[in-house]
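A short write-up of the structure that comes next.
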Amino acid sequence: MKDVELKMLERAKQLLESGEVARVIGWKKGEFYFDPAPASFETVEELGDFVYNGFCGANLSKYLIQASKKEGKTAIFLKPCDSYSFNQLVKEHRIVRENIHVIAIECQGKLDIEKIKAQGISAVTEVEEEGESVTVSSLYGETKLNKAEILLGKCASCKGKTHQVKDEEIILHEMPAPINNRFDEVAKLEAMTEDERFAFWREQLQKCIRCNACRNVCPACSCVKCVFDNPASGIEAKANDDKFEEQLFHIIRAFHVAGRCTDCGECSRVCPQNIPLHLLNRKFIKDIDGLYGEFQAGETDNGKTPLTSYTESDVEPNNALGGEAK
Amino acid sequence: MQEVTTKKKEFTPNIVAFCCNWCSYAGADLAGSSRLSYPANVKIIRVPCSCRVNPTFVLKAFQQGADGVILCGCHPGDCHYVTGNYYTRRRMALLFNFLNYMGIEKERTRVEWVSAAEGQRFSAVMNDFVKTITELGENKRLTDLRVKEGE
Amino acid sequence: MLKIAKERLNELYAKINETMGLFMPIKKAGEVNYHVWGEGKEVSLETLKTVKSPKNMFFPQTENMMKFKTEGKNIEIVDVREKLAAAAEDKPFVMFGVKACDYKAIEVLDKVFLAEPVDTYYQIRRNAATIVTLACSKPEESCFCSVFGIDATAPQGDVTTWLDENYLYWQANTEKGENLTKLVETLFEKGGEAEVETQKANTQAILEKLPFANLDLSRFKPENLNELFDDTRWEEMSEACLGCGTCTFVCPTCQCFDIRDFKTNEGVIRYRCWDSCMYSDFTLMAHGNSHTTQMQRFRQRFMHKLVYYPSQNDGLYSCVGCGRCVNKCPQRLNIVKVIKTLGGNKND
C-alpha cells in the first residue's frame, strides 16, 4: 500500500507544480495512523501531510460540489466505490465535470478503528498493515488481527474493483473481487414478522441523536436546503422528541435517495450510534431491482433513474409487497 | 376474548384519502350525487394529481392520527397529466413496501384507481378499506403521541 | 473505605433500585448509553465513553417546558415543572459509574444552568441526583482529561468508587453520598485503601504516557481572543467539516438549545431541544444568521470551549478532554487538532 501512497503523492506534486490543477483533494495525516481526514491541498508544501492508508474510508466525492465551482481545476482521488457517487453527482448537475481531474486509485478494503476497539483493544497507538494481517499496538500490548474481521461495514460487501469514471489511474496491485452479499441482511429482515421488524427498527432508531451526520455525509443528500432544516416544510425538527420523528427522518431520507443511492455506505460508517442505516437504503435498492429491473445508481453519469421513469405494465402497489411482482 | 372483540367494534378509524382532482374526486362526487354511501370517517384531501402526494403527506397523515391512508387516482393510462399516476404507482409501491419493512402493517396503506364514472366503485373501495382498518385496529406504530395529548 | 465483591454488584444495584432510580452505562442495541437499570440489563461499567454523555440526564435532548391548552377563547398554561418536581422528590435517582471527565462536565454545566437566572428544569433534576463516580483504570488514546487538571484516578462526586478484578471500592464524599452509603452499607465490608492506592499509581503511569497528555493550553486566554479569532488557519482546519452535529451532541459540556412549539390536538407544547453551532440555522434570527459559513460555525464551537467560556468562568475551560469528538467525528476533525494547531504541544 505504501507504494500506492508514494505514487499518489508524486502525481499530486506533479499536478500542482505544473499548474494543471489548482488543488488536489485527498487525505491528510491525523494524530494517529488510523485517523486521516479529508483535505484539499493547494501547494506542494501542504502535501507534506498527505497520506493514503487502510483508514482512508471517507468518500471524497461530495466535496466536489463546492470545489468544482472554485477557480481552476480540482484533482481528486477516488476509490472504486466513490466513483459511483461521483457519476451520480455529475448526473444530477451538482458538480462541474470539466473542472475535475479524476484519479482512480487502488483500494484493498478499508479498516474500521471501532471494530478494532470492539475486540477489547484500548489505547491504540499504532496500526501496521501487512497483506491480510494487521498489527495493532496499544499502551497495553500488541495484537495481530485478521483484516477481514475489521473491515468497514461497507467494504465487507464491496461493489468491486471497477472504477466507473477515471481520467487516469494509479493501480499497482490486483484488487479484491466483489462480494455479492449486500442483500443478505435485508432478506433476513424481510423474513421476520411485522412485529419483529418493528421491534428491530424501534430498538435501532431509538438510538438516533439526530446529529444529521448520515445526511450531511451522504453524496446523494445534496439539497441546498433540506426539508428537515426548512421551517416552512412542516416537518422541521432539530431533535427527535417522539418515536414518530425518529422514524420520519429516516423514512423520508431513505425515500429521497431511493434510486439515487449508490450504496457507498457512508451513512453507516459515520453514525455515532452505529445504526445500520445502509439496511434502509438497501431495501429500496433491492425492491427496485426486483420490481423494475436491476439498477445501479452511479454506473453512468446520464440517463433516467427508476423513480423518474415508468412502464405501462408496472406492478400495482397493492401487489408489490415483498419487492417482487405477484 | 369477548372483551377484545367488543373493544374493536367501538373503534372508529380515521381514514385519510388523497383523491386526484380529475378522476377520483369526481368519482366521490358521483358517489354522493348517486346517494351511494361511504363511511363519514373517510377524510378526503383533494390533490391535483395522485403524483402530487409526497411521502411526507402520507407520514404526516399518520402522525396526525390517521389509522389508514389511501391514495386514489385515475386509472393508469387515463391520467389528466398523461403520466402522473405512473410515477405514483412506482413511488407508492416502494414506499408502502418500505413502511412494511419498518414493521408498519401492510393493510394500513393502499392505492386504488377510481375514474370519474365509478361512483359505485369509490363507495365500495372506501367501505372495504374502512372495514379492513377497523379490523386491524388503531395505528400505534406510526403515530405521534404528542398529538394525541389530552385525548 | 468500603468494598464489595464484583459478583455482588447486582445486589448493590437492586438495593439502590428499591428506593431510588438508577441510571448507569447499559448496552442496548449494541451501544452503551445511560439507561435505567433493571434485572438482566447488560451493565458496562468499563466502557469509558458512553455515546451520549451523562448530561442527557439533567439536560435531556428534548424536554417539554410548558403546555398551552386552548378551549374556546381561553388559554390555560400548564407548568410541567410541578409534575417534574413532584416526581423528583418522590423518586430521587443515582447516576452510577460516571467517569472523572463527565463529572467535571457536570460542574461546567452547573455554572451555566445554576447561575442566575437559574434554569429550574435543570435544577430539579440536578438536586434529585446522587452521583457515584468511577475511577478510570484503563484510559485510552483519545483521553486527555489530565490536560484540564482532571484526575481520572480519583474523580469527585457524591461517592467515588474504584473497580479492580475482584472488588468495587466505595468512598462517600458528601452528605448525599453518606445518605446513599447508609442505604447500602450492609452489603459492604471495610478495607481496600492499599488496593486503591496501587490502582491509582498504575493508572497514573498510563495517563502520563497517553499521546495527548502534553497539549499546551497556555495560548487560550481571554487576552488572546482577537488574535485567535482572526487566525487564518481556521479555514484550513474546518475545510472537511460536514456541518453535522455529532461533536456537539456527544459532547458532555455542549449546552446550547433551541426552543420550539409543537401543535397538538388540544393546544401547543413548548419544548426545548439540543441545538448545535455546527448547524446552518443555529441562532437564526429575522435578519438572517450571524454565522454564514461553516468555518465561522466551526470556529464558534472551539472558541466557546477554549476562550469564551473560560473568560467568563475564571479560566475554567468547557472542554474536559473526554475524547468523544476525537472518536466520533465522521471526518476525524476534533478539538485536539485545533489545540495543537493554535496552541501547540509542551514538548514541541
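Some points to look at:
As written, the chain order gives the labels A, B and C, with residue 1 at the start of each chain.
Everything below uses one rule, namely that a contact is a pair of C-beta atoms (placed from the backbone, for glycine too) under 8 Å apart; a residue touches a chain by one contact, two chains touch by 3 or more.
Since we're looking at a predicted model, the values are computed, not measured.
Distance from each chain's C-alpha mean to the overall C-alpha mean is smallest for A. Interface comparison, B-C against A-B: more C-beta pairs in contact at A-B. Here the spacing of chain A and chain C, counted between their Cα centres, is 31 Å. Centre-to-centre separation between chain B and chain C, using Cα means, comes to 46 Å. Each chain gets one centre point, the mean of its Cα atoms, and the points for chain A and chain B are 37 Å apart. Within chain B, residues 146 each touch two or more of the remaining chains. Multi-chain contact residues of chain A, defined as those touching 2 or more other chains: 241. Chain contacts: chain C has residues 262 touching two or more partner chains. Listing the residues of chain C that touch chain A in their complex gives 28-31, 33, 48, 51-52, 61-62, 138-141, 206, 209-212, 239-240, 242-246, 248-250, 258, 260, 262, 271, 273-276, 279-281, 326-328, 330-333, 336-337, 340.
Residue ranges on chain B touching chain C, taken from their complex, read 65, 146-151.
The residues of chain C lying in touch with chain B in their complex are 67, 69, 262-267, 269.
Across the complex, chain A meets chain B through its residues 189-190, 194-202, 227, 233-235, 241-245, 247-248, 251-252, 254-255, 258, 280, 283-284, 287-288, 291-292, 306-308, 310, 312, 314-318, 320-323.
Touching chain A in their complex are the following residues of chain B: 55-56, 59-60, 62-63, 76-77, 83, 86-87, 89-106, 110-112, 141-146.
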